[in-house]
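One structure is given here, and the rest of the page talks about it.
Lettered A, B, C, D, E and F in written order, each chain numbered from 1.
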Amino acid sequence: MTFTFLILAVIILGSALAAALRPNLIHCALLLVVSWLGVAGFYLWAGAEFVAFAQVLVYVGALSMVVLFAVLLTRQSRAELRVDAPETRRAVWAVIAGVAVSGVIGAAVFATKWDPAPVTAPEVTVRGIGLELMGAHAAALLLLGVLLTAALLGAVVLAAPDRPEKEEKS
Amino acid sequence: MNASPFTNPSTGAHVRSVRSDLPGDLMEVSMGPHHPSTHGVFRMIVTLDGETIVRLKPVFGYLHRNHEKLAENTSYLGSMPYTDRLDYLNSMTNNWAYARAVEQLAGIAVPERAEYVRVILAELTRLLNHTCLAGFLMQDCGCSGTPLMYAFREREKILDLFESLSGSRMMCNYQRFGGCRVDPSADWLARARQLVEEYGPFLDEFEALLTGNEILLARTQGVGRLSAALAINAGVTGPMLRATGVNHDLRKVDGYGVYPRFQFRIPLGEHGDVYDRYMIRILEMRESLAILRQAFAGLPAGPIMNPAAKLRGFRPKVGEAYGRIEGPKGEIGFHLVSDGGPNPWRYHVRAPSFINLTILEDLCLGHTVADAVIILGSIDIVLGEVDR
Amino acid sequence: METLTQLRDRIAALFPAADVVLATNPSPSAQHALRLDATHARAIATFLRDDPALQLDQCTNVTGIDWPEKEVVDVTRTTVPDPAGGAPRVVEEKTRRIEPGRLEVVYHLYSIALSHGPVVLRLVTGNRTDAVTLPSLTPVWRSAEFQEREVYDLFGIVFEGHPDLRRILMWDGFKDHPMRRDYREPDDYEWEPTPHGDVLAKAKQHYPAPAPSAPSTP
Amino acid sequence: MIAAALTPDSFLERLPVLARDTVTGLLPESWCWLAGSLLEIIAILAGFGLLFAYLTLAERKILGRIQNRPGPNRTGWFGLLQPFADGVKALTKEDVVPAGADRVLHFLAPVVLVAVSLLGFAVLPFGRHLVAVELDTAVLYFFAAGTATELAVFMAGWASHNKYSLLAAMRALAQLISYELPLLLSVVPVVLVAGTLSTTKIVAAQGGWSLGFVPHWHVFTPWGAAGFGLFMVAALAESNRSPFDLPEAESELIAGHLTEYSGFKYALFFMAEYFGMCALSGMAVTLFLGGWGAPSALLEWIPSYAWFTAKLLVLLLGFIWIRATLPRLRLDQLMKFAWKFLVPLTLLNLANAAGWSLTAGWTGPLQLVRWAVALSLVAVPFVVLGRTLSAGSAPRTYRFA
Amino acid sequence: MSPLQGCLLLSAALFSVGLVIALARSNAILVLLGIELMLNAANLNFIAFWRFHSGAAPATGVIFVLFAIAVAAAEAAVGLALVIALYRHQKNLRLQEATRLRG
Amino acid sequence: MLGTGILQGLIVTAKNFVGSFHDPARYTTLEYPEVKPALPEAYRNFPFLVCDNATDPMGTLRCVACQICEKECPPQCIYIEKSRDKKPDATGKLQIYPAVFAIDTSVCMSCQICVEVCPFDAIKMDQVFEIATTDRYAALLLDRGQLTKPNAYFHTIHPTEAAEVDARLTADRQAAEEKARAAALAKAKTPAASPAPAAPVAKRDQTLESAP
């Protein structure tokens, strides 16, 4: 349990919690970007460089943009960006559910007897990942490619406006 | 929104398409009056759907100084320097149009040499205006000043000529009722001739810089299309009208001055879009060079002023006249009503920029903000003339 | 193109109820005009635009003119034969009458298709105060849109049927119509030290108190 | 021969490293790593800070010369003090935050932007021994670090509470979504051929010369030349430079996301723009132009970092030259250009590079075939796609009456 | 507490926060973002086990996370496309009002 | 092919870049305070009053306060008060002179109409344009003393026009003298005849008719 880990945990959870509470959609999205960056930091701390950079590239580089784009495309006015605060009843139930879930998982974590951790991270090079992907996980990779293509096409079809004269933007 | 009579096809009027089903997520942007691309203090209240314009209302008058009221309190001669300040790029043609209106009102003849000099100066002014416009339009398209600076480099040379002839670069105050104020010297004519010879290569360079540029083509072609029918009905004149393919040039139609003596062609557009408007002006400059060469060759000797014309105490008889010439921006006309006094009873300027602005909204609808800027640029307005 | 007189007769035949007067222009320009009455103006304008022999498709210029009320001295000369048998005498009879004030809108029409013109149309209001409504010709010629707005703004002529009749050069809150001959600029200017005599005198009038900070209403 | 005596590891070549070691040698052992890193950071900040300062001056002077005017020449000898005068001016100007602005984001945007645009320098090999961080995943890191720049532009635009800025924010997002993809895809062929994501190894892969004067840089292969062109176009868009400076379109959106910024925050935006430009140019040098490698064996005695700087400056000059010439694209045209032109070309280029590396063993006449195929794979799609892209717009001929 | 436990607790907490966002907020985009957070929490677990638990294959955890990130990206793209379609349809993003599958 | 137009443009800018170092036709900028523009002779700026003798500027002012320029000035920036007494002018004839002659250069628009309408060649256009001041009001109101400049100065700035004016004035003066002499002669011959009218004011040419 290192100091770095604690800082990362505070960043990740703090920004996620703040995002849960902010009324402003853009703030929520930007705070979640911070949270994702924290997660990337965690990967880096854990020694998974490649995953960390992939996380930044995908989440900060692409997903956040798409989210912000969606936020801006679906606004009616500036005031509209202020989402109404969560209804108390729903919020209470949600918090209860959340606490229950973390309670259960936490209890399980403490109840389980874990093996001692290895001292150093497993050595994973980019080359190694590439070879694994093209070797053992080739089928999964192909499937993923199909999935991504399908998702892309689906997204375009869904988001495309009914009127044909409007420009496709996303 | 106003109920629009334009939507009534039975009147035969030109319909302006106004979207009545404006969806909710619109943004209203007030572009101007201090916006770098509005060519002065001009304002467009633009309603945007995303970046697409669904409504545009031009607002102007920020430079309004009631030029016409001033003229009603000033003698006929005293209004001449004020006409310089209408379209401050084209003071020579403004002067000419005003002089022509007064000459029609009072029946003053103009000596032949003066007519030639007027043609020379008017064509130089056309070069000046179109060069500036090309530069400004490229600036609106997002060039970082380079075409504008090249245009200004050449414009300076013409302004130098104006300065050494009339004493002032822009506010020339040169034409008089019945002639011109100063007789150009042989030295001046030689310089002007040299400028004309050097202008063709400059135009070649300017065209090489941008006319074939793919980005410019993509930006300007098909943008801001104007139909010939709407252009005529909306009183659009000048290069804007000719870009729609209408063969209408007052130099040919009215044949005023000594224009009928010169051989020149009128370039005509086909699509009426921004690119056509730009190219028509470039081609017109080349025709102007041809006119200038002929005018230099044919310039007769003789007086520059009609000796019968009065400077002081000029009181035309009761009556009225509308005099117009083909200014670089379009038909510039002056409507004068005289009650026999030393000041005009009514003095009205038919400003081409002002009337060409009528169709701004029609051109911009359905285009983006970036297009609105270049469409406005291609209309070629000078706010001194629009607001008067 | 047919002469203006022929044109007037043709219009009179087509629109028998319309009152079309030939207004002559004594200046050397000889740009005579047709004065139309308000009720038929738009119909006649449409006819002028659409008639194949005229095709006045371009309305170049729209102007307002203000003619305030003025006293006119009409001189009628009558030749009276001298009863004594001498040379006939010319008797000048002077009558004074008040010519009522009116506002006038002038349209200059040209034909691009047939390259002729101008045909000048004039519309006259009843007076300068309450009967200042004229039909708008914007539905016929779009070019009149801004120009009629300008005339409305500067002269206060209300154009009926104009799609968007707002002030165009003056700001929306402005009250008066500055191109009218009897317009007096409001005494609202800011004082600034100027050596110009007139302005100085006006400033003294405007700010009777020595302190220029407290303007008084005139 | 002096040149031979100086290569490859001359004193000049090792000078920066030696300087660093001398300083860190003064400190206790446990501090060495920290001090070394700090020195590297300081060196990068100082070096690129100075480059930024003089790049602004150079841009203004070159633009001036292109436009037949002298450019800034009043402050100091030939205007050499102009950047500092600008800096003082920016620092002493009032910092205006518009009413209704999101103050926190408004403040954070320029800071984030500068911070993020500096990150990329960490993995650029400036010389044979000069790379701040040796990373196995350096290329991935570089692009991951660069992604947040448009996020900062968005923050600036959105937080300013200004409609022009908001439009700029939208444009920035759309532009990023469109250009991130071709930028990455144009890099992939290099990674594919070099077989590594490490920048130092990519540079090493381009070492050596044929006949002593034709370097094995990627730009001298058909796919590499195409990749370089595509990368530079995407880099232009990525760094918001003309003709893709849509978020900052001064003739349309006044200054877009910068409209409501003044004083030092405004200067920070400029700094970030130039840092981004430098970083992307540095990446292009690394990936395609052989990094710090000399163009000829005979010139190897010149220190590697000098070569890197020279190549970098040439690319930056290109940025300025293009800015001086071209008009700006419209948003929809920009996206069309990205999706219908750049992305297909980069994908084809990837296939081309794959074919190139598969046929590496071909010799003799087969080598000619290899070049012909690769060249046609570059040229034919370029012409065809270019034609479809610019369909309907061409110079026109006019009739006269 | 071992590092693994710490990581798992962090992951659990992050998952709960994501769950709370997804359940409590009514804006469709925020709900999507909550789900994204939950996915991230799961990824955290993979890396934690890969790093701090012996016996795993050397690259499995990393590759799992890579796949998960890719799937998450696809999910977000489709999700946001749905959001935009929803907005076009009902002019707001309140999920409570999106009660019909057919328009 | 896509890109050729762009390349063409790049070549043009490159040519201009290189040209700016060796081709004065391309590098057209003048650095103003150090390099002054060469003003053409016709250049006009604000008006000034011509006096014939530099040592006695007020005594030899050509202006006779006829106020034509004041009336004709379009922006009405000239302000003249006539004197109550008369002073002999350059030819020795008694004339009214301007007690106050002020031009508000903050209003003046340099149109040259005052020069054109002046029947006495008394007001001419100056070429001084560096008249920036820190005082917006008083410093821009030029009074009689500031406005008056000798004929020699007029010769330096507008030599051609000044020579014409001088020739015309000399001719007019001679004509007037001759006429006066003839009149005196005639008077001597026939003292009953009415005295000849005073010499008419110098007329520039036919285009200038006398003021209404």
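One rule holds in what follows: a contact is a pair of C-beta atoms (placed from the backbone, for glycine too) under 8 Å apart; a residue touches a chain by one contact, two chains touch by 3 or more.
Everything numeric in this text was worked out from a predicted model, so none of it was measured.
Peer 1: Going only through chains that touch each other, how many steps at minimum separate chain E from chain F?
Peer 2: The fewest touching-chain steps linking chain E to chain F number 3.
Peer 1: Using the mean of all protein Cα atoms as the middle point, what chain has its own Cα mean nearest that point?
Peer 2: It is chain B that sits nearest the middle.
Peer 1: From chain E, which chain is the farthest off, judged by mean CA positions?
Peer 2: F
Peer 1: Among the chains, which is located farthest from chain D on the basis of C-alpha centroids?
Peer 2: It is C whose centre lies farthest from that of chain D.
Peer 1: Per the definition at the top, count C-beta pairs in contact and tell me whether A-E or B-D has more.
Peer 2: Higher C-beta contact count between the two pairs: A-E.
Peer 1: Report the inter-centroid distance (CA atoms only) between chain B and chain F in whole Å.
Peer 2: One centre to the other, that is 32 Å.
Peer 1: Per the centroid of Cα atoms for each chain, what is the distance between chain A and chain B, given in Å?
Peer 2: Here the centre of chain B sits 59 Å away from the centre of chain A.
Peer 1: Express in whole angstrom the distance between the two chain centres, defined as the mean CA positions of chain A and chain F.
Peer 2: 80
Peer 1: From the mean C-alpha coordinate of chain A to that of chain D, what's the distance rounded to whole Å?
Peer 2: About 29 Å, centre to centre.
Peer 1: Out of chain E, which residues touch more than one other chain, so two or more?
Peer 2: Within chain E, the residues that touch at least two other chains are 91.
Peer 1: Where in chain D do residues touch at least two different other chains?
Peer 2: In chain D, the residues touching two or more other chains are 66-69, 166, 170, 324-326, 332, 390, 395.
Peer 1: Identify all positions of chain C at which a residue touches two or more other chains, and write them in rising order.
Peer 2: Residues: none.
Peer 1: Residue numbers of chain A touching chain E in their complex, please.
Peer 2: By the definition above, chain A touches chain E via 1-2, 5, 9, 12-13, 16-17, 19-20, 25, 28-29, 32, 35-36, 39, 42-43, 46-48, 50-51, 54-55, 58-59, 62-63, 66-67, 69-71, 73-74, 76, 83-84, 86-87, 90-91, 93-95, 97-99, 101-102, 105-106, 109-110, 114-118, 121-124, 128-129, 132-133, 137, 140, 144, 147-148, 151-152, 154-159, 161-162, 170.
Peer 1: Mind listing the chain B positions that touch chain C in their complex?
Peer 2: Where chain B meets chain C, its residues are 2-6, 8, 11-14, 60-61, 64, 66, 68-69, 72, 104-107, 230, 232-237, 246, 248, 253, 316-324, 331, 333, 335, 337-338, 345-346, 348, 350, 354-355, 357-359, 387-388.
Peer 1: Give the list of chain B residues in touch with chain D in this complex.
Peer 2: Touching chain D: residues 27, 29, 35-37, 48, 50-51, 138-146, 149-150, 153, 209-219, 221-222, 247, 252, 265-270, 275-276, 279-280, 283, 368-371, 373 of chain B.
Peer 1: Contact residues on chain C for chain B in the complex?
Peer 2: 25-29, 31, 46, 49-50, 57-61, 63, 65-66, 106, 108, 112, 115, 118, 120, 138-147, 154, 161, 163-164, 167-171, 178-179, 181, 183
Peer 1: Could you list, by residue number, the parts of chain D that touch chain B in their complex?
Peer 2: 63, 66-69, 163-164, 166-167, 170-171, 242-243, 245, 249-254, 323-333, 390, 392-396, 398-401
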